[in-house]
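Here the chain labels run A, B, C, D, E and F in written order, and each chain numbers its own residues starting at 1.
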Amino acid sequence: MPDSIKVGERVERVMVVSKMVRRDFSGGKFLLFQFNDRDGVLRGVWWDPTEEAETSIPANDVVRVQGEITEYQGALQLKVSWLEKLAASEYDPTVFLPATPRDPDGLLEELMEAVASIGNEHLQELLRRIFGGDGFREVFLRAPAAKAWHHSYIGGLAEHVRDMTVMARAASKVYPEVDRDLLLAGVLLHDIGKIEELSVTNHISYSDRGRLVGHIVLGVEMLERHLAQMEAFPAELALRLKHMLLSHHGSLEHGSPVLPMTIEGMLLHYLDNLDAQVRGALMALERVGGEPGWTEYVKLLDRYLYRGEAEESEKGSDE
Amino acid sequence: MPDSIKVGERVERVMVVSKMVRRDFSGGKFLLFQFNDRDGVLRGVWWDPTEEAETSIPANDVVRVQGEITEYQGALQLKVSWLEKLAASEYDPTVFLPATPRDPDGLLEELMEAVASIGNEHLQELLRRIFGGDGFREVFLRAPAAKAWHHSYIGGLAEHVRDMTVMARAASKVYPEVDRDLLLAGVLLHDIGKIEELSVTNHISYSDRGRLVGHIVLGVEMLERHLAQMEAFPAELALRLKHMLLSHHGSLEHGSPVLPMTIEGMLLHYLDNLDAQVRGALMALERVGGEPGWTEYVKLLDRYLYRGEAEESEKGSDE
Amino acid sequence: MPDSIKVGERVERVMVVSKMVRRDFSGGKFLLFQFNDRDGVLRGVWWDPTEEAETSIPANDVVRVQGEITEYQGALQLKVSWLEKLAASEYDPTVFLPATPRDPDGLLEELMEAVASIGNEHLQELLRRIFGGDGFREVFLRAPAAKAWHHSYIGGLAEHVRDMTVMARAASKVYPEVDRDLLLAGVLLHDIGKIEELSVTNHISYSDRGRLVGHIVLGVEMLERHLAQMEAFPAELALRLKHMLLSHHGSLEHGSPVLPMTIEGMLLHYLDNLDAQVRGALMALERVGGEPGWTEYVKLLDRYLYRGEAEESEKGSDE
Amino acid sequence: MPDSIKVGERVERVMVVSKMVRRDFSGGKFLLFQFNDRDGVLRGVWWDPTEEAETSIPANDVVRVQGEITEYQGALQLKVSWLEKLAASEYDPTVFLPATPRDPDGLLEELMEAVASIGNEHLQELLRRIFGGDGFREVFLRAPAAKAWHHSYIGGLAEHVRDMTVMARAASKVYPEVDRDLLLAGVLLHDIGKIEELSVTNHISYSDRGRLVGHIVLGVEMLERHLAQMEAFPAELALRLKHMLLSHHGSLEHGSPVLPMTIEGMLLHYLDNLDAQVRGALMALERVGGEPGWTEYVKLLDRYLYRGEAEESEKGSDE
Amino acid sequence: MPDSIKVGERVERVMVVSKMVRRDFSGGKFLLFQFNDRDGVLRGVWWDPTEEAETSIPANDVVRVQGEITEYQGALQLKVSWLEKLAASEYDPTVFLPATPRDPDGLLEELMEAVASIGNEHLQELLRRIFGGDGFREVFLRAPAAKAWHHSYIGGLAEHVRDMTVMARAASKVYPEVDRDLLLAGVLLHDIGKIEELSVTNHISYSDRGRLVGHIVLGVEMLERHLAQMEAFPAELALRLKHMLLSHHGSLEHGSPVLPMTIEGMLLHYLDNLDAQVRGALMALERVGGEPGWTEYVKLLDRYLYRGEAEESEKGSDE
Amino acid sequence: MPDSIKVGERVERVMVVSKMVRRDFSGGKFLLFQFNDRDGVLRGVWWDPTEEAETSIPANDVVRVQGEITEYQGALQLKVSWLEKLAASEYDPTVFLPATPRDPDGLLEELMEAVASIGNEHLQELLRRIFGGDGFREVFLRAPAAKAWHHSYIGGLAEHVRDMTVMARAASKVYPEVDRDLLLAGVLLHDIGKIEELSVTNHISYSDRGRLVGHIVLGVEMLERHLAQMEAFPAELALRLKHMLLSHHGSLEHGSPVLPMTIEGMLLHYLDNLDAQVRGALMALERVGGEPGWTEYVKLLDRYLYRGEAEESEKGSDE
């Protein structure tokens, strides 16, 4: 809990109920809580709770709670006066999870700019339908790009896609043979299934469909649902785009049911891989401890990473 | 060509045009042909062909041809009097391709019996919709189960599925925990995408969608199209069935985007693999040459197969 | 210990001595014990033990112990009056180890029925010699099929072999080219070396020969010892059967020194693998904890297993 | 040979001697030749050659030859009047080998611009020393980037490096944590050892040192030779740059003795891999035959590549 | 055929019948032959052959043939006067196959010296029984150590084993912890099963048991047959020796059913591997063509081998 | 600490400071220590330390400390009177690390004998330069051959190289085609880079260059520095020797950037691998616990190792 919280203060906070126990006393019953949010842990007690509270609040639910800070056995305790369960749409997940340091609206704006730059009218319409869909914006900006590696935080998906669009534009200049519009559309849509694969409440987890179907096929299904409503969309173009989503992991053993067989599919894979690996390494360099100059062994990369000599870290200053 | 063909005979045959050359002579032009069917090769000539014949018949097309057998330079030659191009539905592919030795109608009957044995009404309805679909019967009975390995012949798919149903029934007795209805449905539908993946005309080839999407996802899309019209179909059951189709190759490196995570999915994979490998080996034992007792090296199995000593081959007689 | 045990009760139990310490007191010495069986832990004390007890009972020995339940420092303690060490044949291993839920005699009867169904007189005689051997029945019914995965319990081997015979019979109908008698004989004998590989006392462990030679070669040696006494046994048939035992793991990296090169060898491998994997998954589904709908990560399968939604678990009832 | 060559014409050409045979006749001897260049094959004859010609011209040598075009047995034949062997520096290899379609001077200019953009004075000086070295320009512009895959033509190395600098600049904007100067230096130098690994005369081959040492270590040795003369070069910076050269293949099994352990090393690897794979696929799409819509099987990519439907190829026009 | 053979000469030679055809003429019948030995091919004719010759001589049989050299249509032809089929023991296989350049008796003597140096009486007796067995000497000296790689010639097995004993003696000095007697016994016996695995007549091939059982298990069976007759042989020593034979390929994927788990087993594997690889490379350097300084690509080693500059090849002279 | 240390004794020891804390008291300050060496742990206190001691002694430094043994709270405590930090050259690392049981001078003598036996004058001079270099002896004898597996102790490198020379000499007799001088030189120099890769102070760790460059390339660089000063050294010989160092790991995935392509390179690899694996297993047998007869699971070998029955361990005595 933040140091600023003081005994006697009245608070209203959104927290997750990590434990709840019912106790009886002569005059009735009370509930003992352990609440968590990103600031840490807070114990609580609710005397004479509502009837429904006890039964309807399983552990791990997110609640809005009001009350007063008291002290009990030398530690702070929240004396609850009111508490209600919240639906996923009623709270900001960044209360519990780390989020991209970048401005979400700025990220989205950059993506919409990329959409606007697409000359092919079919692809442009498709992207406008998807990105402009009802509620899509909220869901998309909330999504991480992975559960436990690169971009595994709120907004990670948007950040990953935005960074890839920048490099995709450079690549399409280097390889004029590439259909730039198709490449950009593939970049924008390649991980769209992550929205359904990963469930983001107060923690990131896989949905049942996420595990049993996987984000690649879930993404293709989302694409098909939109294409089904666009009669004029050229079949060949749809096939090429679908192929890019299916093949973007680059190899069967990484979960793509087919290998990339078009230039746009190959580029999508290599750009995706580059951004995932480099972002993952940057996160490891930032977060992981270790000896001077080095991180601990980073399992997902199967290596140590070198931070360099202390002097070197100031290298930027005089250059 | 069959030995029975004689000079002077009039014939009408369905054959594939493997070569066609136009020649001019003083009085006009003629076309020289090489025709093929499963009996072998026949040369032909067409004097004063129709205008359209020359332009509309690319090599590899299947045609119905009428004419008279003549002799030219010591070999039989068909003097064509009429020739017309046929659509895929207008000829029997077994003219060109090997076919299952079993009775197609018998195979289908056994499959429909398996469908009838399914107690779950949703699964039963789904299977009736698919197997009873317009024209499905013809397409399904024509399909091979692979391009170049096990069951790579007309009717191979039906044979593969039928053989798996027999063993799936035995397995569901051994493992009563298994949902027998779901297992049978999975067996019946697991390779349904092969219908779109493989193109069977006068030879077996991959369709563009077959290569770029793959039969696993094509099959799931067919399933989804039917489920979209069955509102009462339980979502959980649909998810489990879809998971079986997606995971039936058993591992990512064999092209399944997810591993089997249900008992029915695991059983489906092991039954599929067993039948594919054993049928493939039986075909190799039947077709491949070699030294006494042994086949040649069978690349797809990475081994020689043992036929055994000659005496041993009569082992069945006195037992 | 079972809740039913009460202070003052006299008991006689078979247990393993997990710890034993000698203490001296003015009037002589006593032994302190920790006993274990499948019900849990019981402490014990033996005043004035026999001379021989102290020296001849190393930890992990199985003993029959008599005495009276007392209380010491708030816990039950067995005051030992008599204790004797047991040989492996003198106690029922299911006191310590889980066992197949099926009836052992029923399993054996089914196996003997399978033997009886074998038409080839040589194979039938061989199987009768082995399964009818002195003491074989006890050893065979005690054996697990693995140390720590599928069928890793008393009677697991018999269960594994029986389940495979059911599916082998179905398979031999699907593939009439298969020598059904040889296939059944291979199924019945394929893991026979497990009897020597795994040592089953109060826990399952590898014998020295089990680790240094392995059950595949141990099984072949057992086979050879019997064949050496059957002069009329056809050499070719013996070779084919031996090949099946050697190759049944299906690949070199799984410990078979040769690949299956006969149809019967291939079928044996695929049936063995199917039953091992599916039984292993069923055991994991039954035993392993996890979140709702899912098991924990199952290392040996490299995946989570899906139990499904709660509602789905009642799927059987109305279908 | 170009169609424009006519009988009676006098020519002077640089060609490779692909065959040479000596013949004797009554009045002396003559030499019969087969010459090759990128235009094709030309036969030749030299009456009364110089003494030295016969002994000093082994097959595969490059020569400058003068003579007159004659006709012999219905084909063109060069009647040689003069012929001299050329050293590698005396002819333009593009006479024999394909070359980048881009302007070599333009490529080099772009590379020198990249050098100029480097703020770190040590790295800038190092790059100027290497790229400005005596004769370096010629050698560098001649080098391919591989023997038989991507960029396997004259100027391929320069093209590969130039294309990577464009994408490296985009990447350094996406990842501001990256030391842009170091990344660019690594890109410019990463394949410098190819100059010594590959020998480019009238064909591309490996030098002995190329095979026995490899371009990675050869490149590090070139780097060390220059660094040895730059006393003020910071040791840490040298170590990071050397690490990039050593690790740029990204994994041990691809020939790097160490894995990339810095962000700049990782980025270098992923950019290198992206450009190699995409350029290789573009070359395959351009050169390799196949059925309509598809290339033949491309072994180095382990897949077919999709060219798409003919109609689709005009996709650019109306969008 | 050797140049020295002349028309009119009478010869008696051992050759293999690579083809035989029967022809009839008015006065009876004759047989046409093609004979082969290491000198090449010789055609032959037999007028009025024995009744039995025609039926009892299948192709690939080895025969002793007498006759006179004649000329027919410009080529030498043997006019056969007598011909008889030979059993494997009746001819010297080096007539058809390459053989070790070393003296077979010398090799055997060195092996028997190694046997004599073994202090452990049980091991010594075992080795004397095996190496001194009836006819063992001939069979052992004939055996190659592989079909198509290192030591793939007559006497190759003896050579391989002898070379390993030299290095095993050095190794047992380096590692005094090793049981030298056991190591030597393991070296002498490790490939003993090759005698039954490979069939050496006029060419090297696998026997049926060789393919279906493999030389590792065949060797263990030979060992067991001898041990069964040596009652005093210590069980532990037998187990360790058997383990060495079983594990000497060093890994499951190379065909050992168990990994080496003793020091002697590990040493045996590494010595075996060293000698196989180095001898294989020496043979490739000697036999395989290539460009100056290099062999062609050697598939079994997955690399080119370097012969070095011509000058270097004289390096031995002044050192 | 050794049992022999008594209260009141004055001691002077070299130890590592594993912890140091400053405390203040009314009359000034004191430092509390925890010292470690191979004998164990000793606590210490320094009243009124020098000003500089407190700031200049970070944890893990090696110090020489003088003082008197006292007792504090029932344990021995060193009352420090003097303490000074030592540089790496000022103490014997065997105070902290295990060392080879062999005599270092004897090892070096054997290596110098091997050098002396080399006939090629260039190789001999090179080896004398390197092994006779200033301070080389100390550094070389201190080096382990690995951080955490075979020979991971002081002197391990010398021991590893010496043992390989013995077997290399035997091998060069078995293969007379091998250039014995080159092989010995390769053995002596192959791991020379370990001196710079591993840092040996009071523990073994990787240096920054060790991780980022690796001992293979570091070794080649050391070689090049010496060769640069030997003008007469034949280029071909240098290339072959360098190739041996680069390729001695035997495969790319083990960190060699090129495969061994010469016989000497191949032999070096197999000898290196043999000694590393066998020494590693001997160390595991000596140090690792386990059940009777067996070690625990040895991860680096992926197996259990067999020690054998107790009786067997006396096998040496009566044989």
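The working rule: a contact is a pair of C-beta atoms (placed from the backbone, for glycine too) under 8 Å apart; a residue touches a chain by one contact, two chains touch by 3 or more.
Computed from a prediction, not measured in an experiment: that's the story for all the values here.
Peer 1: Taking shared residue numbers divided by all residue numbers at the interface, is the value for chain A and chain D over half (same) or under half (different)?
Peer 2: same
Peer 1: Please flag the chain sitting at the greatest distance from chain C, going by CA centroids.
Peer 2: Most distant chain from chain C: D.
Peer 1: Give, as an integer number of Å, the spacing between the C-alpha centres of chain E and chain A.
Peer 2: Here the centre of chain E sits 66 Å away from the centre of chain A.
Peer 1: How many angstrom between the C-alpha centroids of chain F and chain E?
Peer 2: Averaging C-alpha atoms per chain gives centres 45 Å apart.
Peer 1: Rounded to the nearest whole Å, what is the centre-to-centre distance of chain C and chain F, using the mean of the C-alpha atoms as each centre?
Peer 2: 48
Peer 1: Which parts of chain F, given as residue numbers and ranges, touch two or more other chains?
Peer 2: In chain F, residues 208, 211-212, 240, 243, 261, 304, 306, 309 touch at least two other chains, as defined above.
Peer 1: By the document's touch definition, which label belongs to this structure's chain graph: line, ring, star, complete, or other?
Peer 2: Per interface graph, the chains form some other shape.
Peer 1: Pull out all the chain pairs that touch, please.
Peer 2: By the stated definition, chains touch in these pairs: A-B, A-C, A-D, A-F, B-C, B-D, B-E, C-E, C-F, D-E, D-F, E-F.
Peer 1: Hey, which residues of chain B end up touching chain C in the complex?
Peer 2: 119-121, 163, 166-167, 169-171, 173-175, 177, 179, 181, 234, 236-237, 240, 243, 259, 261-263, 266-267, 270-271, 273-275, 277-279, 281-282, 285, 302-306, 308-309, 311-312, 315-316, 319
Peer 1: Please name which positions on chain A make contact with chain B in the complex.
Peer 2: 208-209, 211-214, 216-217, 220-221, 224, 239-240, 242-243, 246, 252-258, 261
Peer 1: Which of the residues in chain F come into contact with chain A in the complex?
Peer 2: 208, 211-212
Peer 1: Hey, which residues of chain C end up touching chain A in the complex?
Peer 2: 293-294, 304, 306, 309
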